[in-house]
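One chain, chain A, appears in both complexes that follow, with chain B as partner in the first and chain C in the second.
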Partner chain A sequence: MPTILQYAYMQRALLVGFLLALLVACLGTVMVHKRLSLIGDALSHSSLAGVALGLLLGFNPIIGAIAACVVAAFCIEGIRKKLGNHSELAVAIVMSTGIGLAGVMSGFVKSAADFNSFLFGSIVAISEMETYMVIVLALVVLLAFFLLYKELFYISFDEQAAAISGVPVGVVNAIFTILTAVTISIAARTVGALIVSSLMVVPVAAAMTIARSYKTTILWAAVISITSTIGGLVLSFYCGLKPGGTIVLIAVAWFLILYLLKWLRGRLTSGNRSADGAKRASEESKGA
Partner chain B sequence: MEKVIEVKDMSFGYTREKVLEHVDFYVEKGDFALIIGDNGVGKSTMVKLLLGVNTPTSGEILVGGKKIRSLKDSHIGYLPQNGGSRAAAFPATCEEIVLSSLYREIGFGRMPGKKHKAIALEALKTVGMEAKRKALIGELSGGQQQRVMLARVLAGSPEVLILDEPTVGVDAESVDRLLHILHHLNIEKNVTILMVTHDVDKAGPFANKVLCLSEGACNEEALPQAEIIHAHAHKHAKGEGAHIHSANCKHEVDHHHDSEHCPECNHHEHDHAHDHEKEGK
Partner chain C sequence: MNSKNMDNRSGVGQARFLTWILVASMLLGTMGLLSGCRKSGFGKDAEGKVKVVASIYPMYDFVKRIGGDLVAVNMMVPAGTEPHAWEPSTRDMMDLEEADLVVYNGAGMETWMADILGTVQNKDLVKLEASKDVPLLRVDHEADDHDAGHEDHDHGEFDPHVWLSPSNAKLEMRAIADALIAIDPDHTETYEQNYQTAAAECDKLMDEYRMALAPYEGKYIVVAHEAYGYLCHEFNLNQIGIEGVSADQEPDAARMREIIDMVGEYDIHCIFFEELVDPKVAETIAGETGCQTAALSPLDGLTQADIDNGRDYFTVMRDNLLALQKAFA
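Coming up: the complex of A and B.
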């Protein structure tokens, strides 16, 4: 057995990392295509306000994070509808409020280490209880995601047309908001609030450079997210690096490599096309 | 002839100021109707009202004889403005996009089966895009994207097709092709078409009815076969009624005073339309 698997905490970290990577890839794909990439940032920062409140009042900070995330998510939806053409400001307003509240309340938290563990995560310090919580969450979110797959596809593609076709847009959006808020809260505990939003967006951006359909975009995003997470955990174990940051940097490397390959392929294809065109033109002039 | 859409003395404004006032018109089964007008006169607003997205301030809209609340249970297909260009950034195949409109047929929690894929393929065939069914929509030209969007609407087998400026941002050749597809659907499949457009010169010859929302946009030479209904939303000196007249009688009717009859020939406005034979059909 490899050394890394001999430790129970690493076994838990790998299992939780795998499940969370899968979840954030699925939800991230919908989020990116709804043009709401920054919502992950806003929610993860808002979750910190809930964490601080939990630590201050003495209840489980994860419960606080979930509550803060759900409230923040619905506030974003509500403000978006009110702001019309400037709806993107809703994310900035909620994120600023979340950061502000977290900043002020963290000043009253006695154990700064507890609060910081939510900022940067502590995937290698996950308890057995948290592992079970992630497993249950993963099953619920994945089931809901697959049941609502075509509704989420349609809403992401064209919300108005989806509503006209009979998709219960309000209900589906509300379910998606809750799923996202809960996932981000749990993921913030493990990979860190500052990193979870990157994991929601970067693998999807990388997947979009190679995918040939919506379905394969989700599959590629999941593959990139999982390999980044597992790769990051392994690398951080053997090289003594911070796991959260390593995971995100591997995802960014995936994006850069795939984008470069796409660019090179584009150059080669256009080069071949112009060479073919020149060849045809010279043959035609010879024929004439 | 069965009236599939009927707008009765309808007014609407986003604020106190009305965008549309006292508009009366109807579309019969098998009509190829256009809504034309300058920018900002309320063409897209009219479409939103017909779709039930907005609610009239006064008057009513009947779809299939029923008061419009939403189109969820109707057989109306809707192609939005810039539908194709909005799709361009979405990483989905043409088939996936067409299948999305079969939401109700597929059912909750289910994935599309062979039957649904066959419907999608048939819709793509109708618009001549079956060869591109596995292509990413973002890799197609603007005209091709618009045809795929039309196929998405057609997959739902609509009896009425509402299109909001489908020719905007599409090259001339693709506009011709799109209009011929619509003409084919109208003639061969008896699909009623209601299209908002600026392209009066190209779409005009296919239309048998035109709702003109501003004076300048109504070039009657480009509308050889059409009954023209004027509905100007500008305010009067004394009141806020809209002038509406039918091209058949050429007499002006002030709906503020008499919404039903033309004062000079004493014809019911809608009777003119009934009398009017649909040319070119």
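Coming up: the complex of A and C.
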């Protein structure tokens, strides 16, 4: 039986997978609390427009992708504030714009071809250069995340209260927006858009079913995200499953299991209560 | 109080008026854009010629070769586009309504063709599936090697890339010549002559391939996607595809491992990639095994630059042959 670490491409996949899973879980927790859970989808598709523009004007499409991602992220921030209760629409609007622009511009790109394949990478085909890029990115983002932890915590829950209590909301949001955009564009190129956009949301949703605080949500999300990635890679290596889909489905399985556990625990504790309590609970459930 | 109300009302009226103007001008603008962009698929110089729509690059090349100046050819999948991921536009539909003949490869290559031909209203359009006389290879057929075969293809049961063997290209040219002669019998002689020239070139190419590849019979090539079934079948090579017959799949980690192991087992020195697909996966495998990488074109789409530089079916096939010889040497 071949061992997984015997192959350099698997070593890179595991290392990069681990780092990105950790990063994306941290960013995802903030994004989910800001009600921007689909930002991963929106930004990775907007970067398509950047790739097309890069190919059209003749600059490096990866730089185009990063730039488009940053611009799109700031547009989401800007539109979000104007929409009040419907802030999640900002994500949808920016995503539509990105896909639309990419579609129109692709009609003018004559030289290079299937630019989807240039934009969306595969976790089992990561170059050395990309490995270094992800390591640097991880260091920067994690450092920023720890330094700004308290500020982000405030902003995630109540931006106005945070501003009143003296948090420089504008600056923190801007830094965080740039970090998110750069992470998503690099991660989409390295491991594929599916993994990034799913790991931003699903592990956080799973963590929220059991965690009682912001901090434990982040920790659980990181654990779930990392185990899904490593587990998916191992399964892909030994069973020949597609890595991206497997990783995402393991994360979804985590969510279902944790949700079921929570539900069972809820049933058990209500069963253990006095008969009176149980009666009241059943009445409540009937009422609902 | 009263005047203030009046002001307000006229303000609302003004805003509404402005909105209408905006909407109307957007509509007009769109219409203007459309009329500006709308070009007849076949230009003025197509008048008096046989109007042909060719699906993909090899068909375009073959039709031009046989038809010469007597035909006007439009290619559906534009230069430099990978045809597996392509979708027809309204322009293509307009072309088909005007055309006399549509030539497509068939055998499962243009999965979108059946839908399109179902909606075209042009009753006089002659539809030619160029591969109709080619003995097709089943997708499983190339899996002579026990683990080189890959189960997941969504192309259907046949390998559509028939033109990668020159003898099949000749059969497709024959079918095209027959179709053109049926539509435009006045120029039978020219079409026949052009066919003879092209067919002789195909025979010559066959000989070159046979001579050059004879010493390497039974060898293995690693390619981006399993498009080279006919080439391998004709010249007794074996292909190991990183991906299945269709080009748009992500490899899994186990497949990568299999290929890396086979590279050592079969003494392979070169991993081939396609110009129209990101070479990342090929480079990863090459890096892992110390192989080189080289381009091998399945010819399903040339870039515009290639076409402008005068590259065509025969020059690309000869480049492929050189790349193969280099890989084996």
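Note that in this section the second predicted complex is superposed on the first by the 239 of 288 C-alpha atoms of A that agree within 3 Å, B and C clash if a C-alpha of one lies under 4 Å from a C-alpha of the other, contacts with A are read in each partner's own complex, and residues count from 1 in each chain.
Convention: contacts are C-beta pairs under 8 Å (C-beta built on N, C-alpha and C of every residue); 3 or more make two chains touch, one makes a residue touch a chain.
As the structure is a prediction and not an experimental result, all values here were calculated from the model.
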item	value
First, second, both or neither for A:K150, with chain B first and chain C second	first
First (chain B), second (chain C), both or neither touched by A:S127	second
Touching partner for A:L233 - first (chain B), second (chain C), both, neither	second
Contacts of A:N85 with chain B and chain C, given as first, second, both or neither	neither
Contact breadth on chain A, by residue count: chain C or chain B	C
First, second, both or neither for A:Y9, with chain B first and chain C second	second
First, second, both or neither for A:P243, with chain B first and chain C second	second
Chain B versus chain C as contact partner of A:V167, first or second or both or neither	first
Intersection of chain A interface sets (partners chain B, chain C)	none
Chain A residues within the chain B interface of the complex	33, 147, 149-151, 153-154, 156-158, 160-167, 208, 211-215, 217
Contacting residues of chain C [partner chain A, same complex]	78-82, 84-85, 247-248, 250-257, 260-261, 275-278, 280-281, 283-285, 287-288, 301, 303-305
Parts of chain A lying in touch with chain C, wherever the complex brings them together	2, 7-10, 13, 109-114, 116-118, 121-122, 124-128, 192, 233, 236-244
Residue ranges of chain B in contact with chain A within the complex	51, 53, 70-73, 78, 80, 83, 86-87, 90-93, 96-97, 99-101, 103-104, 106, 108-109, 111-112, 134, 136, 156
